[in-house]
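Scrolling down, you'll hit the structures one after another.
The following pair of complexes shares a single chain, chain A, combined with chain B in the former and chain C in the latter.
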Partner chain A sequence: MSKSTIKVALIGNPNVGKTSVFNQLTGLNQQVGNYPGITVEKKQGASKLSDNVKAKIIDLPGTYSLNASSIDENVVIELLLNKKDEDFPDVAVVVTEVENLKRNLLLFTQIKDLEIPTILVINMADRMSLKGIEFDLPILERELKTKIALVSSRKKTGISELKSLILNYESLSTEPCLNASVIDPDYFNNLRRAFPNQLLYKLWLVITQDVNFLNLERNEIKNSFTKSHSDLKRLQQKETIKRYQFINDTLKIGQKIDASKATDLRAKLDRVLTHKVFGYLIFFGILMLIFQSIFDWSKIPMDFIDETFTSLSAYTKNHLPAGEFTNLLSEGIIPGISGIVIFIPQIAFLFLFISILEESGYMSRVVFLMDKIMRRFGLSGKSIVPLISGTACAIPAIMSARNIENWKERLITILVTPFTTCSARLPVYAILISLIIPEERVFGFLSLQGLTLMLLYLIGFGMAVLSATLLNYFLKLNCKSYFVIEMPSYKVPMFKNVALNVIEKTKAFVTGAGKIILALSIILWFLGSHGPTNNFKNADAIVLQELELSQNIASIEPELIENKISSYKLEHSYIGILGKAIEPAIRPLGYDWKIGIAVVSSFAAREVFVGTLATIYNVGNHSDEEVTIKNRMAAEINPVTGEKIFNFASGISLLLFYAFAMQCMSTIAIVKKETNSWKWPLIQFVFMSGFAYLTALIAYQILK
Partner chain B sequence: MEKNLSNFKKGEKGYISEINVDEIPLKLLEMGCLPGNFIELIQIAPFGDPYYFNINDSHVAIRKETAKEIIVTLETTI
Partner chain C sequence: MNFQQILVYITLAIAIGFLVKKFLWKKKPKKSNSCGDDCACH
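This part shows the complex of A and B:
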């Protein structure tokens, strides 16, 4: 064997189970990253082929052909055309599936034209008898000039055969399986003569595609061989017809279908799931189930996490030697980490549901059901996926808008998605609701607090739809509207795929958002426990002196004195000074300077709100008891009026502010990347935050 | 008999006879929406749009405005 590591690229159409094959080959041995400079996910893994040879496997984004129409698909072409890329494969594994083999083979014939050693995987072999399909593998291998592995990633069969084919990749044919240049012989002969050292199909891809292509001067090719867009498309059509002719001829001799044996579950399920009444009922039922799991089921692990961290913080403070480091740990880092960990249950539930819906094939039916309705608001049926995933996190949601073909619909989707109630808002909502809404039930069973939360979700969706309508009206973009969506067959989701997906997405969120939250909580702790003036340094003496002047100090409880000192300190710390400076701007909304600090730091990420208040109050509270953040908030009193700081009016005003404001740096960054300009994230930021300020102002002034 | 695809009723089938290449996305061509291929309307979404087809064994949904660009020769029922 000449190599100890074989580089393998997994290529295939969406919905063929490519990722399942990847999971079977690599097990837990995989890493997810990004391609440099773009936000396309890069999945890699290692697979042991024999005792001394392993494979490095890259799971490339799903694509229907080598004619790219999105940045995800560009990745595939850019890799396959660039022999100098460190990931350029030794062997390409094209994954197809039993039921859609005809369409899947189109991509296969294109890959073969690149003259890379290629293996054909026919996945979902367990469905063959169900569909009455049989293959003559020797004939198919001869016609397609390849080796075939018949795999069932569900039943875990065929994987070892695939591994041995990869191991022996050097014996694979690199001959194309058809000659597509017959569609315009003159044109292609000239092209061949002009660039005798280049692969003809490669040249053709460079002419028709808009991808980065390193080793060829594309201008040179373009000038002499350029054609009008319409002519090129006609040629591409001819090319596609040619390829399908070849595929049809091949399958005629290599595949047998006994239609009478086929059971059609798809038709039966479609009839119900896309029904004009039941279809919507089922969809809303599923949505209710998802929200139920976020509100209710994740409450138990979340309360547990909250209490654990509160006692951990108290424990550290009591058992470590007193000093700066202990304070940083118990008042900065532990509450900071707690603010991240507490999200895990909700995020995991959301990604669990979303990946089940996608894996099962149901999501496409929802897109189909909702397209006409969504279009009324300038959105696409495909906007449903970002809007639902937006309830977990706007970042993956905005990235999932990529498969919306129409730019205007995609742009509007990107701009309005941050209005949906993401999980970062939940802890803010949860704590505020529990402070200002009484724990009562209407009609005996509907929790008032639950209803308020539900209402906030509806406000978020409502605002998304409303602003989409406005954008649709004002945006003057003339985009050719088209919409193509595959309706995959229904499948029972595979546990391994769903589990890996949930773990990976949750991990990405926690590490991504976690870094910001942790850094901010350390900074906030520092700013809150240090001050520039002598007032801060001599806080003890000043407070004691004041108290002595006003009354008999012996009659005051020591704890109260302690509290007075710490709040005096906080007021004169860096953060206090900063908070006081912005107070005039937020006072009309009903907030004091402590809330102001929390709101301002939330512009990095919303979930920082609770953590910031936790840090601020912890800093201001030196009693060693375990006090949960909620109790501390409820006890906050306005020193001037004697009223509670978190009352109904200021609470509602805060809720509305968080519902609408664009407070997430990562979202702004992703919008910039996806729209390729600062214009859109800026407009989004100003509009959302301005609107938030205005509604919060109005709400407080009416309610106070 | 030829019929515009946007006028199809649920269950109608035939073979594609003509497409307007300029108005049809390449992706749809690649899914098999090409002259000579079989097509059947499986379902129309509530409110009359989009359409859900079996095209050349691919199951695909497209909007009515795209369907307008496709002419089909109906399969003669015997």
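This part shows the complex of A and C:
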């Protein structure tokens, strides 16, 4: 890395607006990935500081202190203690907020004591007057031996001052806030004598933390300076007390709070939103509003996308030279891409609402509200975060269960989270609901389709809770349990944060799931357009011969003949043979072999379902007319009974199958990683898929 | 085999290659930080 790039680590407690500061500094220059070897999210971005200098900014996971209690927090410590790490910062920017500065400063003093140049950001400065808070910045800077940037990421103030401080980081003092020796003078003096070249506070962290230190002689240090677990805990408590004494003394002279100016709106809102009756009603009402909006607002852009791709497919077929590759484009690739793009509006609206709820501070109230209920089912209040995040994608949701300290609660959360309705299920639900549920309104304003969608989300959530109860009963793990959650202040969501989150999540769906859908669409088209037997190769002659025998061929429409040949070919193609082979197993569920192919292919990723059907129906239909995916599905007829394939019974059966089945290879992989065993993902797969088959079977047999 | 067919087979090979790489070709995992059935992990 050249000297013109400064490496900046953005560190802070959860809910201090760290990500907002990161967004203000980097804008759209962000990359999201994982830390090597582990699946903790790593966000980094670039910020231009001057004409010649830019900053590489790493947004580290939120942590309350350097005393790690979760894997996310280990990431912070491992980076700050390893100077050979490629991301080791030139300067640490510790983000705090005006209302909780005292608590936030604990982390600041610990990082300062590692003698890394450290800048203190006091965020949410726009709330100071509202809360009656004033700071004497020169005094605070003097006592904390640092430079302070008073920032309001909401009002976009203080960011240029922060950039200027980062630019001049070399002038920052690296003098520690607390002399580590005061924790236990004898012990620390011995430590200093044994390792004269090492930083004292760093040695202390190596001894007390259970993290991987690649470049420190951890065993040597630990063997020589072993203390009992209780002695170490006692010294850690003593350290915390010393730090708070220092922070109290500093704030006594550097901060003034006029309590009479503080408004009590937060307390009033909390009383209503966490009320034992109104709290749940409001939460339920909000959920209903979200699902109504997803269906109503997405309809216009979805219809537009569907029609555009259908026209594009017809245009390609009519204007490119006839041949196999043209067929692949018009019948495989374009419908495949359409099956991805069409669901962008719904996914974007879902994430828009989730982001607003998170940004406003309401989500923490939901966690608090749900704790009492969750505990009855063997879950923690913190489990609601993975369960709600699971509406986006089970993979990050399962990873977010890492902040549940109790292993049993964490394991149960990991195992039941895939029941919540993820964004990959949304396309399947959306198309099936639009096929089998009429576009009617209940009480004149509630869309029946929206209500059905909400019901499916509730079924997924209910199944997660029910499975948790069973697991809680059968799992014999005794772990202590406690629940602590911070209630952030209520805030008007920032447009930029919400927009970036929506873009990031939608992009992840399009690029992640989209590539898989497209690749499978190509393979499925090939399998549907080629066959191994003479029946496939001589399809034209066989169909014409059959028609000649049955009726006067001259009286039959040429288009009908063409469609009969296409259907015959599809039936004798590779995919047709495979579909027919599995038909006996899926027939009792109300599915034909074409749906069977879509169900089987979506065991890799469930969002493939719609794209697969779009490809199969395109291969089987050689008409030049522009027909949308939905209309093609609606027109499918059972050749034996003459009934619609996608009727109410088969539709409900399919909806229930997709609600419960474990159809995501990536989720299986992440469960294996998080539980460090194949046992749990295998149990999960067998249970979920078996249950899905059973419910789909019962539903179809009752409703048919 | 004509030009369009060659293009189809190339596209098919890319699609299969992508899926194999995505689902079957796993990099050797680094040391795991998972805790297994250990309540006292943290």
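Annotations for the structure displayed:
Note that the second predicted complex is superposed on the first by the 653 of 704 C-alpha atoms of A that agree within 3 Å, B and C clash if a C-alpha of one lies under 4 Å from a C-alpha of the other, contacts with A are read in each partner's own complex, and residues count from 1 in each chain.
Keep in mind that, in the parts below, a residue touches a chain if its C-beta (ideal position, glycine included) is under 8 Å from a C-beta of that chain, and two chains touch if they have at least 3 such contacts.
What you see is a predicted model, and the numbers here were worked out from it, not measured in a lab.
Of the two partner chains placed by the overlay, only chain B lies in contact with A:S65; chain C stays clear of it. Contacts of A:N100 after superposition on the shared chain: chain B is touched, whereas chain C is not. Contacts of A:F648 after superposition on the shared chain: neither chain B nor chain C is touched. Shared-chain residue A:K233: touches chain B; no touch with chain C.
Of the two partner chains placed by superposition, A:F88 touches none, neither chain B nor chain C.
By the document's definition of touching, neither partner reaches A:F603: not chain B, not chain C. Once both structures are placed on chain A, chain A residues 69, 405, 480 are touched by chain B and, in the other complex, by chain C.
Contacts from chain A toward chain C in the complex involve residues 36-38, 68-71, 74, 210, 212, 321, 323-326, 328, 333, 405-408, 411, 477-480, 515-516, 518-520, 522-523, 526, 604, 665, 673-677. Those residues of chain A that touch chain B in the shared complex are 64-65, 67, 69, 99-100, 102-103, 106, 230, 233-234, 236-237, 240-241, 244, 266-267, 270-271, 274, 276, 279-280, 364, 367-369, 371-373, 381, 405, 480-489.
Only residues 2-5, 7-8, 11-12, 14-16, 18-19, 22-23, 29-39, 41-42 of chain C touch chain A when the two sit together in their complex.
Those residues of chain B lying in contact with chain A across their complex are 21-32, 34-37, 42-43, 45-50, 52, 56-63, 65-66.
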